[in-house]
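Read from first to last, the chains carry the letters A, B, C and D; within each, the first residue is number 1.
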Amino acid sequence: MLGVALLGSGRMAHVYGPKINAHPGLRLVTVFNPNLASAENAAALYGGTASADLDVVLGDPSVDAVVIASPTNTHVEYVEAFAKSGKPIYCEKPLDQTLERVDRALACLRAHPVPFMLGFNRRFDPDNAALQRAVRAGEIGSVNMLMSWSREPAPPPIDYVRASGGYFLDATIHDIDLLCWIAGERPVEVFATGSCVFDPEIGAEGDVDLTMTVLKMPSGALVHVNNSRACAYGFDQRLEAFGTKGMLQTENHRDDNLVRWDGQKTVARETLKHFFLERYDASFYHALDEFQAAIQEGRPPSVTEEDGRTALAIALACDRSRREGVAVEPEY
Amino acid sequence: MLGVALLGSGRMAHVYGPKINAHPGLRLVTVFNPNLASAENAAALYGGTASADLDVVLGDPSVDAVVIASPTNTHVEYVEAFAKSGKPIYCEKPLDQTLERVDRALACLRAHPVPFMLGFNRRFDPDNAALQRAVRAGEIGSVNMLMSWSREPAPPPIDYVRASGGYFLDATIHDIDLLCWIAGERPVEVFATGSCVFDPEIGAEGDVDLTMTVLKMPSGALVHVNNSRACAYGFDQRLEAFGTKGMLQTENHRDDNLVRWDGQKTVARETLKHFFLERYDASFYHALDEFQAAIQEGRPPSVTEEDGRTALAIALACDRSRREGVAVEPEY
Amino acid sequence: MLGVALLGSGRMAHVYGPKINAHPGLRLVTVFNPNLASAENAAALYGGTASADLDVVLGDPSVDAVVIASPTNTHVEYVEAFAKSGKPIYCEKPLDQTLERVDRALACLRAHPVPFMLGFNRRFDPDNAALQRAVRAGEIGSVNMLMSWSREPAPPPIDYVRASGGYFLDATIHDIDLLCWIAGERPVEVFATGSCVFDPEIGAEGDVDLTMTVLKMPSGALVHVNNSRACAYGFDQRLEAFGTKGMLQTENHRDDNLVRWDGQKTVARETLKHFFLERYDASFYHALDEFQAAIQEGRPPSVTEEDGRTALAIALACDRSRREGVAVEPEY
Amino acid sequence: MLGVALLGSGRMAHVYGPKINAHPGLRLVTVFNPNLASAENAAALYGGTASADLDVVLGDPSVDAVVIASPTNTHVEYVEAFAKSGKPIYCEKPLDQTLERVDRALACLRAHPVPFMLGFNRRFDPDNAALQRAVRAGEIGSVNMLMSWSREPAPPPIDYVRASGGYFLDATIHDIDLLCWIAGERPVEVFATGSCVFDPEIGAEGDVDLTMTVLKMPSGALVHVNNSRACAYGFDQRLEAFGTKGMLQTENHRDDNLVRWDGQKTVARETLKHFFLERYDASFYHALDEFQAAIQEGRPPSVTEEDGRTALAIALACDRSRREGVAVEPEY
């Protein structure tokens, strides 16, 4: 049973809190937030003590591992602190929005090698994972095309957009990580384009709310991602893998599985899961499970800090491609 | 090129007229109806002469074959006349509503053996035919269950119901013929039950508008048919065959194949084909094609007068079972 | 937090043990089995003490409720004992295989009214429950037909069959309970037929391994159930509800949701959930949750002992109808 | 009844011949090929005379219209000849592989305005047409994304590739025309990339056999096309239209519609239609029907020579983008 410190008590902390609780190998020891009242609120819900003093958490012998679910701009600092204290780290993605600070974290992790896992939770969605296993097992032969759809139900508040690092760093980075993981390679060239069609405020920030991205892989495989900040029919999340021997697709998840025939349009299905908290709920649990199992088994977790750097480098190249209208080679 | 006489100029004649025209091996020579004006109307649409004198048609050397699409109570008389004149006969189902008159026709056909085909058109629907071929080819091993759904969009006029011979003879007989043909055997026992839930006038006639039928086959296979005189979502026509090695299903046909995702219920499909004229349009052509090919190739057509007698005997047993509340052995 | 005694430590006890453990409002206090070693084995896995002395369990003040998962022929005796001791009872279905003994249990429960719930777990499957809610909410208007498919992957051992009370009491009873619950009424007449096509030993016992059942409801609605003791493609579990305004279907569950296109048959899907433990796993948890919630809220659980008697009376009528070849009116 | 001259007697002529024959408003008068034997062969199959002398065809008063199905490099010459002779022209796509020669044809058609239709047959596929109608009717609100899949079963012979003008001009041009027609606008920028993964001979010609293309529309809508010269599961042809109110998809067509459940992977479907002749068979008939109807009704056909020029300009921009690795603005 690993004692866990949870850093942060905002939205993502409320995702991880119940999963830490439900996991038979994890126990929530303490919730940290510089704002003590917020930490106390989360601790009251999920158990453990509350703390506003990081040094206390770092020095607490009952803390065996840390789950970082605080704002992005604090991730590198917390990773450094816990790496130096020798504690295993699970860090919500991204490590940071800049390669410079990510590289600082990577250097620290090389100097202080602790088990580290980045929270690319969508790899742990059962359908995505089944598709990746089937591809890696050669079920469709050599992979020639990969495609990902990620369309969100409604644009986020403009303050969220401002702090997000732009649409590619905020959202496309998930698709990029998934597709590189499935492909088993990373692109030599990216091209991305975008529009602002839903919320003019997003455009006024120089950002876009509708994108298409093309990645070219060393093997010749071609990759397509499309992202939209709005989607009338819910959270549309699909993958397609096309290979020399066949094709694989994942389907959207629905609130129920009834098939409905009525007097107008026949064979209607239930609405889609609303957004990522509903659609990927199980994946957060499975991600923590991988973290716990890796520590238990003395092996590195399957999503590394290098995976985070790679996805960031590609997302930054997409962003530059979109702004400059040229194909861009990512800086790995 | 076979010259064809079309008997009748009502609804079914307007189904067959255009198909005779479109078939490269058939030519419409004449349309017969005791009501000459009606015959002339059909002939104007589909070609050929019009006639109200059956003897003229029987004696016309350019008539190589006859398609009987007149009212049911005239079928036996016309079959006898054309059998005696030695002309191949295609007869819309049923031969008659009584076993006595059907047996009279069978006796005449034994005495005057001409190519004869009964118009169980649903066997010639491409999906039904593909299912039958797959079953007979052993794709699902031994057949253990067969199921048929036949739900009509709306109840027919009460005059139609009165002349129909009851729901089992009018409609279930189609499912019975299909399922016995697929099974390759005929039932040793039938049980049927029904209700009147849509149109009280149907109940007042002693008939039902909702039925379930169970057939037990000599092999032990069990068969289910359900029929409904109303269906909010169109003409629901499905088959299911369950065997020792697997299962086969046919799907309903739609007006288009678009998949529609909107803001409410996602993945809606187009409405179903409205009724039998739309759903089984192609099957009437394929049935005539079998008739023409059999004559051309000098072999008996694949749907025989005996098939018609068998289906009628089973439908009559269903009707008796429903009225008496007991399982009934059909009289073959 | 309710302290729970688990009676029995066989197959069904191993289904309930982990669910009691996982439920935040239930705590496993003791496992009872006259065979102490077997009770100890289950207690070692799921917690609590082991006991072979029923009086100790009945007198244990930390036991707030009992979950009866012992062999069917012990159910009535245990129900009586715990009713008299005033403890809430969850009893795996069926209460018993005879109406006489069921009536004995019902009389005792009337004399000693404790919260009682019968374990018709399939009502608590999320898809079945969604269909029932949609029907009861009038989404398809008046119900005219209900259909249930229940095909098991492979025949059970012959010893299981011998003790099962016959196929209708063992399996069809589940479909009967579901469909009466969805319909909101119980049949006035049943007809059932069956064959033995898979395992001749089952036939030698006078039982069948393939059945079709028809129920006629007071409203005129017609109900179809088909059951098979073998199914090449897994555990086939489907419902269909046909009403005046539309139709609802539930779909089978699969081991994953990938859509697979290969070089032969395109659009293949994953295999079905293997059998009831896999397919209905969640439903056992949801059933216990209803039991706990009803006790907590001081209301009767939603599946009553009367529901159990009704389903048994119908299953017995099916069995008689199959043996005698006549339609039978159930004895409620 | 329009008398039709069919130019060419190769593969595409054998597509159009039977459709001209089957159309009630068209009659095949003559088949032209400089190789008389080839023309005679086609005329023997589909009717009409054979001719190797174009002037005879041009001067034949029974020729009311021409269907050009000869090799691409003859299209402009034949268009000019028939425009000058005042005869309505149906020309198989493309008009030509160069903008220069297309502009020569357009100038001639402006000087000699005859009814002209370009054979973008895929617009006349019933599913594609239903999607376009739904989009133009506003069913999904404003269009934000359009996607097209076109994956061919196997690479063509290398001689075909050499004469094809490259993959974008040969194949992507179909998707481009469809998507611009659905969108109701044409791109301001295109980006295309490609690989050679199936046939190294194609790569040796400087061509590719796997492509992804992105078009950016003036409205901000983004368009994706993927093309593959090989596809293990048949001819994969799909469209997706994503708008502010919903989404529309077309599905692949299969050789039959049975749903097959077997002991391994459940719910298999039949193989896809093999290639464009099978998949789009009906569309060629519907295209000729539009040509005939437009002439009959005295209105211009719905696919114009300008549509052909637009699609060619975009395909050429794709080709340049792929070669140079930059986004390109098409030259309209």
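Assume a residue touches a chain if its C-beta (ideal position, glycine included) is under 8 Å from a C-beta of that chain, and two chains touch if they have at least 3 such contacts.
Given the structure is predicted, the values throughout are model-derived calculations rather than measurements.
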item: Farthest-lying chain, centroid of Cα atoms versus that of subunit B; value: A
item: Between A-D and A-C, the pair joined by more C-beta contacts; value: A-D
item: Intercentroid distance (Cα basis), subunit B paired with subunit A, Å; value: 59
item: Averaged-CA centre spacing for the pair subunit D and subunit A, given as whole angstrom; value: 42
item: Whole-Å separation of chain centres (CA-atom averages), subunit A against subunit C; value: 41
item: Residues of subunit B engaged with two or more neighbouring chains; value: 140, 232-233, 236, 245-247, 260-263
item: Residues of subunit A that touch subunit C when the two form their complex; value: 126-127, 130-131, 134, 139-140, 245-251, 253, 256-263
item: Partner subunit A, residues of subunit D touching it in the complex; value: 140-142, 144-145, 147, 151, 189, 191, 193-198, 210-212, 214, 216, 219-224, 226, 228, 230-233, 236, 242-247, 325-327
item: Complex contact set, residues of subunit D against subunit C; value: 232-234, 236, 252, 254, 260-272
